[in-house]
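I am attaching a structure below and will ask some questions about it afterwards.
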Amino acid sequence: MKIGIIGATGYGGAEIARILRSHPYTDECILYSSSDEGTPYHQSYPHLVKLADQTLKPIDIEQIASETDFLFMAAPPGVSSRLTPQLDAYALPVIDLSGDLRLKHQAVYESWYKRESAPGHILEKAVYGLSELNREEIKTAKHIANPGCFPTAVLLGLAPLVKNGLVNESFVIADAKTGVSGAGRKASMGTHFSEINDNFKIYKVNEHQHTPEIEQAVRGWDPAFQPITFSTHLVPMTRGIMATIYLELKESMTGQQLQQFFSDFYQDSYFVRIRESGEFPATKEVYGSNFCDIGVAADERTNRVTIVSVIDNLMKGAAGQAVQNFNIMNGWSEKAGLDFTPIYP
Amino acid sequence: MKIGIIGATGYGGAEIARILRSHPYTDECILYSSSDEGTPYHQSYPHLVKLADQTLKPIDIEQIASETDFLFMAAPPGVSSRLTPQLDAYALPVIDLSGDLRLKHQAVYESWYKRESAPGHILEKAVYGLSELNREEIKTAKHIANPGCFPTAVLLGLAPLVKNGLVNESFVIADAKTGVSGAGRKASMGTHFSEINDNFKIYKVNEHQHTPEIEQAVRGWDPAFQPITFSTHLVPMTRGIMATIYLELKESMTGQQLQQFFSDFYQDSYFVRIRESGEFPATKEVYGSNFCDIGVAADERTNRVTIVSVIDNLMKGAAGQAVQNFNIMNGWSEKAGLDFTPIYP
Amino acid sequence: MKIGIIGATGYGGAEIARILRSHPYTDECILYSSSDEGTPYHQSYPHLVKLADQTLKPIDIEQIASETDFLFMAAPPGVSSRLTPQLDAYALPVIDLSGDLRLKHQAVYESWYKRESAPGHILEKAVYGLSELNREEIKTAKHIANPGCFPTAVLLGLAPLVKNGLVNESFVIADAKTGVSGAGRKASMGTHFSEINDNFKIYKVNEHQHTPEIEQAVRGWDPAFQPITFSTHLVPMTRGIMATIYLELKESMTGQQLQQFFSDFYQDSYFVRIRESGEFPATKEVYGSNFCDIGVAADERTNRVTIVSVIDNLMKGAAGQAVQNFNIMNGWSEKAGLDFTPIYP
Amino acid sequence: MKIGIIGATGYGGAEIARILRSHPYTDECILYSSSDEGTPYHQSYPHLVKLADQTLKPIDIEQIASETDFLFMAAPPGVSSRLTPQLDAYALPVIDLSGDLRLKHQAVYESWYKRESAPGHILEKAVYGLSELNREEIKTAKHIANPGCFPTAVLLGLAPLVKNGLVNESFVIADAKTGVSGAGRKASMGTHFSEINDNFKIYKVNEHQHTPEIEQAVRGWDPAFQPITFSTHLVPMTRGIMATIYLELKESMTGQQLQQFFSDFYQDSYFVRIRESGEFPATKEVYGSNFCDIGVAADERTNRVTIVSVIDNLMKGAAGQAVQNFNIMNGWSEKAGLDFTPIYP
């Protein structure tokens, strides 16, 4: 199978290339980029010298449709809104890692992203690729809107309780923390080493564009949900997301009960690991892997539940989940080419 | 004035020594330690070579009382519980940086700290040294219980609203993040570089001993307060604390109103800097200084308020606030010897 | 094939376990440890929860010899000196990652390591496992002394020129830098996050125990070699070694000639990647992989050559090279189970 | 005294502003910038909110000459070459932190910096501000070329031996490592956090523009000196430089003799601290201070000497030394406003 990757020079695209290099069912990756076309890929990413020496090709949809069997799009915001209508004319299945196709309502997209939305009929058809929750729709989808990094961590943490209607709909606070690679490879003051190192920041307070994505999914499970409070912080590390989620239950559960409930919910989901009661994952414990690790606690003093969910933002939060969806769409094991052991330390 | 420092080999003690080296009203620091006694101080801290070459002395209360005019105690948990009753016999004023004297109730201390409390009459006399809030009591105190690092950040963030009875007493969530120096200098797996670097952890979920300290202070301002949710995370950085505080108001305020309210509340407090509406501090913006910087936001969607409070955990969160209290107790300017500009980057 | 790992709770042992988990020819790993025996492995390493839940077993040579087909030893210094004579009685092939068996002369070992050496006949039989240089001896060896992390980087950088007698034997300076994981998992002041982060140190000046290991190998290639200058620095990062090597040639070569010479020398060595002339590898470009990347430069002004060699200290510098040797000893492809793409960023 | 700072939005300029804020003899800082003019300074540097709220002014030489008593220039390369001839018409004393005025020969500048040089007569008049070595010339200078960060560390390490003619002139290798703030505040791939964190790089191999600056100074002390080998590496930390210098002596000395020799040489230099024999400084031991700490070792095996010199690149390597020169030029104590204790940890 020949795979195309649009946006190969970004971190998401490079991570897909890393994964597919050892994927059992892919023969070749063709890499497309609007920058650096005509140069060998290892010039952008020297760690791939002798491993991925292909020349970067320009983005030409017709050409791509003719020479690839499957397409990953990992382009900056706005590109997919523009290209997807063209792609729609071809049979080529597509997994899109941007935020452009995730929200069902154009007005919501435009209000949070501050840019023009993709056409409504495109948004309608795109299937939200939260692998563990939407397996059936993903299997038959032609176009996947791959979830955002924060929503993946938050939603996998919320799903067991919310889908079962157990959560007080007016009380969810998700305090999220991310490594810097989530901001992409573009140089800016906000990713400058000297500004970030030994520093901890909050950003986009009450304005992060992943907020409506989380709310849309949560309301799909429990339509009574009120707006949630969602905060994002920047951690001086490269990879990793932790979402610390605070909520109140309609009826109280013990930590043990919660742990069992989560374990049961995810018993057929290899990539979600529920920790023992009283144990909580750290971000590095999933580094380089596709796992989402979750710990839960109930606090008798406050009657609140704390859920801690960690992922590698470039793996389960982007490229890893994309390949997981790729596997599901092709009827392969979800683990095919994706069973990386976390690298530690 | 001759100053004694017990626990000079810890990070808190070393930070006091750094500050006092250029303090205008201190003549000499005498350093006491239960380890490394008899060795020159720069052997423990080579950055002080030629700047602080005194020999470390053993901890002998009678001797200390006879040769010092003022005492800082920066010893590990339990030491102050044991030594303070002895110190009580002398006129020597003391600022204690440990958690041993902060809680007024022995049972609460023993339940959270899992160790024996100091005698009740000692706890009763100790004044809680949150400088900006308790100036009057501090002025005349003989024994200060210097606040914990997390409580300082959280309480300075909560005080304006809570003291004025504006906060819904059953809804406060404080999600706190700290640099590693807060764990002290003792080597352990939990402070091992390879375990912490490029990693983000949550710890002591619902069990952090600073929880009752925060609640005790908050209830001093508004006795109706319910238990709060307080979480602590470890950031791969050396210094700095951020507390992201979520709360609901009894009556709603805009971000601008909040900003003005906080500015007014702290208008005579040099070391608390309120950011402009829509701006939020990062931890490094107070690095090496005694400032507590605070940003506030109101979210119309959720009707919740977010308060972001940052400090340098070794300065305003420990040694800096201790010296601020030292200045208050002696009737000097709070800024004396303490007006360090943050180091950036 | 059943594989035993002694010292599984150290970083080197854990890295072997990570690699072998997906190795095509190993069926099972049995983990031995002198600490934590009787506990499940993921308790030591939560990143392996559900991936490696075996119980740690005590170190009993007879038992080990009876239940394993191949043994990796990744124990602290001194353990192998003591255990190898016992192991010698069994047919079990062993790869030893410690420094105990690398030096041929007991006196040299004892002088640099400051501890008792293994018996001379044991040292004699051990084959130095620098995979690319000693393939033939490794193939038939029963006991491999796996090279140290620094020597691997330095020797792969020196081999092409020194083996061909091109280097001025009295002028080699190797200035090496390592990440902190090289110091192992044991907590100490020297690995404390707050002491290492945002800091850069030199250590063991002129006293590093890898010096004689490098010299022994170099003199095996060119007996006229004089003592080299070898320095080691600690970088605030987890993984990675860079050796910057300065030398003078007997007859001068251009950068292009050097690049070609190195490329030819390593043309059959998959895991050594020679960079284009004028390009130099960074440590992260081999992160998590078994590659050694090398860049070379000739300076006309000084008539000196600079060789830059980078490895992941836990992979090519320890566990990776050990598995490479394991593959060679068993007649498999060197790449079997070892073709990890570097993780970047 | 009114002080002007050109280039106040760069890291060097901001560090001068930090120092001068508490300098006893400066009344006011006027800040000039070619970017962000008209905005309050704390908008560029929020850590200075309420501490330095001046508005940034445009760079107008006539205006600057009329309203300031002393000028620091901390502009990017090329600016000083252009502005200094204009400044030459005024009596205003100037300390220039760029590399534009350090080299005496225009051709050398143009060959290493790849840009047009300042006029020859300007270069002639500028005094090289290596404070400890050139105090007399600095006292009466009108225009100081403040040394580069690397040359400061290397030259203070070399001066005692080279000035006394003790070093083999054809053997000096300086392997230098720097934190990222040395690259300035401009965003680029080379300063992107995700590219630098947990990574170690070499750069500008044999091509660093500080090479001729070091050689020019060394040849001023010993004209027989041959070209030196000088390498630069990027450490994942914000501040700090270490130069590890290897050399051979004409006649051998012991480590103790070296230590004594260095101590004597710098006995009247407060800001140079010579470590005890066998002890070596780490970069963080001078963090935020103007100290240069030096350790020395002699190796009997190789007959070579290792000198380890560390500075804070923004302090002794830039702004700190500039203020030290400012103090010298004004006849004040070198320590005036500059006696910062290193911040540790």
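Structure notes:
By letter and in written order, the chains are A, B, C and D; residue numbering begins at 1 in each of them.
Criterion: a contact is a pair of C-beta atoms (placed from the backbone, for glycine too) under 8 Å apart; a residue touches a chain by one contact, two chains touch by 3 or more.
None of these values were measured; they are calculated from a predicted model.
Between the contact lists of chain A and chain B, the overlap consists of C, D.
Distance from chain D peaks, on a Cα-centroid basis, for A.
Chain geometry summary: the mean Cα position of chain B and that of chain C are 45 Å apart.
Chain A and chain C have centres, each the mean of its CA atoms, that are 36 Å apart. Centre-to-centre separation between chain C and chain D, using Cα means, comes to 38 Å.
In chain C, the residues touching two or more other chains are 11, 179, 181, 185, 194-195, 197-198, 236-239, 282, 284, 287, 345.
Taken as a contact graph, the chains are fully connected, with every chain touching every other chain. Taken in their complex, chain B has these residues touching chain C: 11, 179-181, 183, 185, 187-189, 191-198, 236-238. Against chain B, the residues of chain D that register as touching in their complex are 11, 14, 18, 21-22, 45-51, 181, 185, 197-198, 238-239, 273, 275, 279, 281-282, 284-288, 293, 339, 341-345.
The residues of chain D lying in touch with chain C in their complex are 173, 175, 177, 179, 194-195, 197-203, 205-206, 226-229, 231, 233, 235-240, 242, 244, 246, 280, 282-284, 287, 295, 297, 299, 301-302, 304, 306, 308, 310, 345.
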